[in-house]
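The structures considered in this document are given below.
What follows is subunit A paired twice: with subunit B in the first complex and subunit C in the second.
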Partner chain A sequence: MEHLKFDFAGAHAPQNFKAILVGVVGSGNLEVLMEPGADPAHCTISITTSARGFGPIWEAVAQNFHSQHQLAGVAISINDMGATPAVVSLRLDQAAASLSFTAGPAL
Partner chain B sequence: MKLSFSELSARERVAHLLDAGSFTEILGPAERVVSPHLAQLGVPFSFDDGVVIGNGTLWGSKVLIAAQEGEFMGGGVGEVHGAKLVGILRRAVSTRPAAVLVLAESGGVRLHEANAGLIAVSEVMRALLDVRAAGIPVVMLIGGANGCFGGMGLIARCADHIVMSDAARMSMSGPEVIESSHGVEEYDSRDRSLVWRTTGGKHRFLMGDCDRLVEDDMGAFRAAAAALLGDSKALTLEGLLAEHAMLAKRIECFGDCHDALEIWQRLGVEHAEQVTDMESDQMQNLLSDNAMEAA
Partner chain C sequence: MMAPDRIWNTQAQSRARRLARAAEALGKSEIGLRGKQVAADDTVKLLTAVLECGDRVCLEGNNQKQADFLARALTQLDPAQVHDLHMVQSVLALPEHLDLFENGIASKLDFSFSGPQSARLAKMVSAGRIQIGAIHTYLELFARYFVDLTPRISLVCAQAADAQGNLFTGPNTEDTPAIVEATAFKGGIVIAQVNEMLDHLPRVDIPGDWVNFVILAPKPNVIEPLFTRDPAQISEIQVLMAMMAIKGLYAEYGVQRLNHGIGFDTAAIELLLPTYAESLGLKGKICQHWALNPHPALIPAIEAGWVQSIHSFGSELGMENYVSARSDVFFTGADGSLRSNRAMSQAAGHYACDMFIGSTLQIDLNGHSSTATAGRIAGFGGAPNMGADARGRRHASPAWLKAGAQARQGRGGVHAMPRGQKLVVQIVETFREHMQPAFVETLDAWKLAEQAKMEIPPVMIYGDDVTHILTEEGIANLLLCRTDEEREQAIRGVAGYTPVGLARDKRMVENLRDRGIIRRAEDLGIDKRQATRSLLAARNMRDLVRASGGLYNPPKRFRNW
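And then the complex of A and B:
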């Protein structure tokens, strides 16, 4: 197993929300738990994965997600069982889609 | 529109089985009550340990519910997973819901947590029987592709009622286990048709091991569960002895059969060879009430 953690400064803080869970820790799949974060200006992504040695790919997927959503005040925790980057992106987008925002610049 | 039970996750099944928006989870993923064993073995854990528990309403009646996630460790019962099942059952004795609904999908004990999982299964059985003794029905809803096997199969048969679809199977030992201990000539685990004939919902229904057979559809499971609310079966020594006698008679009647098809024929099912192609509603009146007596 490998643990990875990423921290991004974001701009869009969602309205108050309860923890959101999407996905399942099954073969080639992952679960994404999205919760209010401790730091209102940052988005953190903590990953526990069964596959070792894919840090650079996780970083690219996390950065790609952050560049699209620019979330702030959000803590994301992931349990992964060998999901491909496309599945990871899909689950992250799925979780982000359940957030709501006050009127502001379109994402 | 039909919504397949077998294709949904445990969490989605709970949301669609209960009245919309009525579910409140207990020990949800954000509480992070996770398996202490899996991390030690370097295996990924899940924030809910593969089981969703909580309360809600079904057709307006209060129920408690548990749903196993078959995709996580095959729905295997580990220490925390088992403790969550025990907890929701014990809660039923004090809160007295109209039923405890268990959406079972499990290969049995989670092998990574061997002893803790075995103990958990026996604790779940004890807690389930306490719920029944309190006059509250426990209803198993089995519709996942992994079926309900091992210790979870034993737990299922302790309940008041079992609702199955033919997408699901229920038994003690799984097909691979039987093949590896008795040989491929005894049981070919790769023969899907054979496996379903022997353990699938239709066979279980014809044998009386499940009392409702429904289509692989959330609406059908919901309606079947709602019809069983408050429908508690007495838990008595006489009932247990009658069950033992029925099982002994089953061996007497069918012990020489080599295939489920022969059993169905002996039960007097007309066109038994067409059973595998039938819809669940065509299956409802295939047997007379005393089919085994006749056999």
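And then the complex of A and C:
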């Protein structure tokens, strides 16, 4: 198991939302949980992954996700069982697509 | 003045001598020769009689059906009597195909594909046991049968024969007509193994006077279901990529005539036609005509009325009854069963299709794509014929014209002439199994070329034929790139988190995206939440059987319910 944590300053805070869960913890897959975060100006991403040694790729995936969505006030937890970056990005985008904003990025 | 002593029919004389030797050898056996039928036990005797050292021999090894009994018999010849055969066959699928070289019976090889034998082939080549003439595409090898690689002896495979030597191939006609035509009309001898002898054939696929001997094989020939993809194994990423293909390519260009590769990526597209593509109002506007084997994954689309015609290279096990019951769609004989023909379908795929879409193992920064890996000499079969612009094509279609216009837009000189181009799409996930990147700086093909002393690296699809690369990250339209640098960044821009993708020039990639050279799912208006397996028209093998109204009968290994 490897634990990684990223913290970004964001711009778009979703309207009051309940926790969003997408994906499943299974081989080659992962679950993404999006919850209201403690810091209204930041987005945190905590990752628990079964595959060691992919830190730089996780960082790139997290950064890319953040530069696309600029979320704020969101805490993301990821439970990963060796998903490819493609699956990780898909799950993150699927979760983000379920958020609603007063005036946010059009999806 | 004619030269007085030149003999002009040495090949015919040689054939007559060989046939006389065969008649003599078989005459002495217990059963002898009954019409054209030779007893299975006399096969080695027959082969020894007709073969001569150095002969070019086509042993029908196809993509799917195999003349396996004749292959085994050929390995049993005495290398002291018969040696240095030059094998010219499309596929090396059976161990016997290489045993021939190990036993010292054959020494030279010209072929197209060696999937299951590729590792052993590479070893034998580097040990000097096999001399490879060249690796061809299917159509290219068939073409050479009629120019400089004409077989002297062909050992082919059919479902049934009658006493006159007429052959019924059943749905898997595949290479047989091309092989037999080249051999029978150029002084050669054709020997067929069959699964049954019949008084009346359901139909004649090969006329009897092109065939010299038929042998009832003790067991039915080996045949592989190569085109069956269990929908249960299709991932959500493949669903997402299929959505992008349908919206960003099929709809964009109005692709009506096409060929699909055999992977799960394209199976996902087939299964999204009656669902996602239908929801986009594309029925009748795309995918009506195909050069394709009877893919079980296409059943739901056929049943929903999407498909007008399919011509096939070969058949697919379990699809026989379904094909017979859908003769408006498939090419079938008077007996009701499929008539496939690899040479004709390859020509159809090359000249009459507007799009090829298939997967690969590696793509480099120029867009060259290859499935060659170090330590394996596999070849590419038909993919390079499908995945190449047909330079000789002269008829227009909307998809072809649009691709050509994009490639020529703003260019002068020789490029100013209006002309179309085939859409050649490589569809890959950026990482394959075990996190192997699909995008690389240098193809493994270079290393393999060095190992196997090839004259050129084995490239499946050349970069200048590839028009689009589709990954989970987006579609790169290479038609619109104007410099090598743009092309490289367009490729890096869809290469995801592979080292090649991470090394992109972000500003340039964003610029390419603004110009529509790179398009992401969101640029195409695709909601990624829709990318779930529930979008597949069939989610497992049982669904496919149900969709066929019980006509599809999958082989046992796919019956997992």
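Simple rule for what comes next: the second predicted complex is superposed on the first by the 103 of 107 C-alpha atoms of A that agree within 3 Å, B and C clash if a C-alpha of one lies under 4 Å from a C-alpha of the other, contacts with A are read in each partner's own complex, and residues count from 1 in each chain.
Just so it is clear, contacts are C-beta pairs under 8 Å (C-beta built on N, C-alpha and C of every residue); 3 or more make two chains touch, one makes a residue touch a chain.
All of these numbers come straight from a predicted model, not from anything done at the bench.
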Just subunit B (first), just subunit C (second), both, or neither: which does A:55 touch?
neither
Which partner does A:31 reach: the first (subunit B), the second (subunit C), both, or neither?
first
When the two structures are overlaid on chain A, which partner does A:93 contact: first (subunit B), second (subunit C), both, or neither?
second
For the overlaid complexes, name the partner, subunit B or subunit C, with more touching residues on subunit A.
B
Partner chain(s) touched by A:85 [first = subunit B, second = subunit C, both, neither]
second
So, does A:40 touch the first partner subunit B, the second partner subunit C, both, or neither?
neither
List of subunit B residues in touch with subunit A within their complex
9-11, 28-30, 39, 42-48, 50, 69, 71-72
What does subunit C use to touch subunit A in their complex?
235-237, 240, 429-431, 435, 471-473, 496-497, 502, 522, 527-529, 531
In the complex of these two chains, what residues of subunit A are touching subunit B?
1, 18-19, 21, 24-27, 29, 31, 33, 35, 48-50, 77, 79-81
Which residues, counting only subunit A, touch subunit C once they are in their complex?
54, 57, 60-61, 84-87, 89-90, 93-94, 97-98, 107
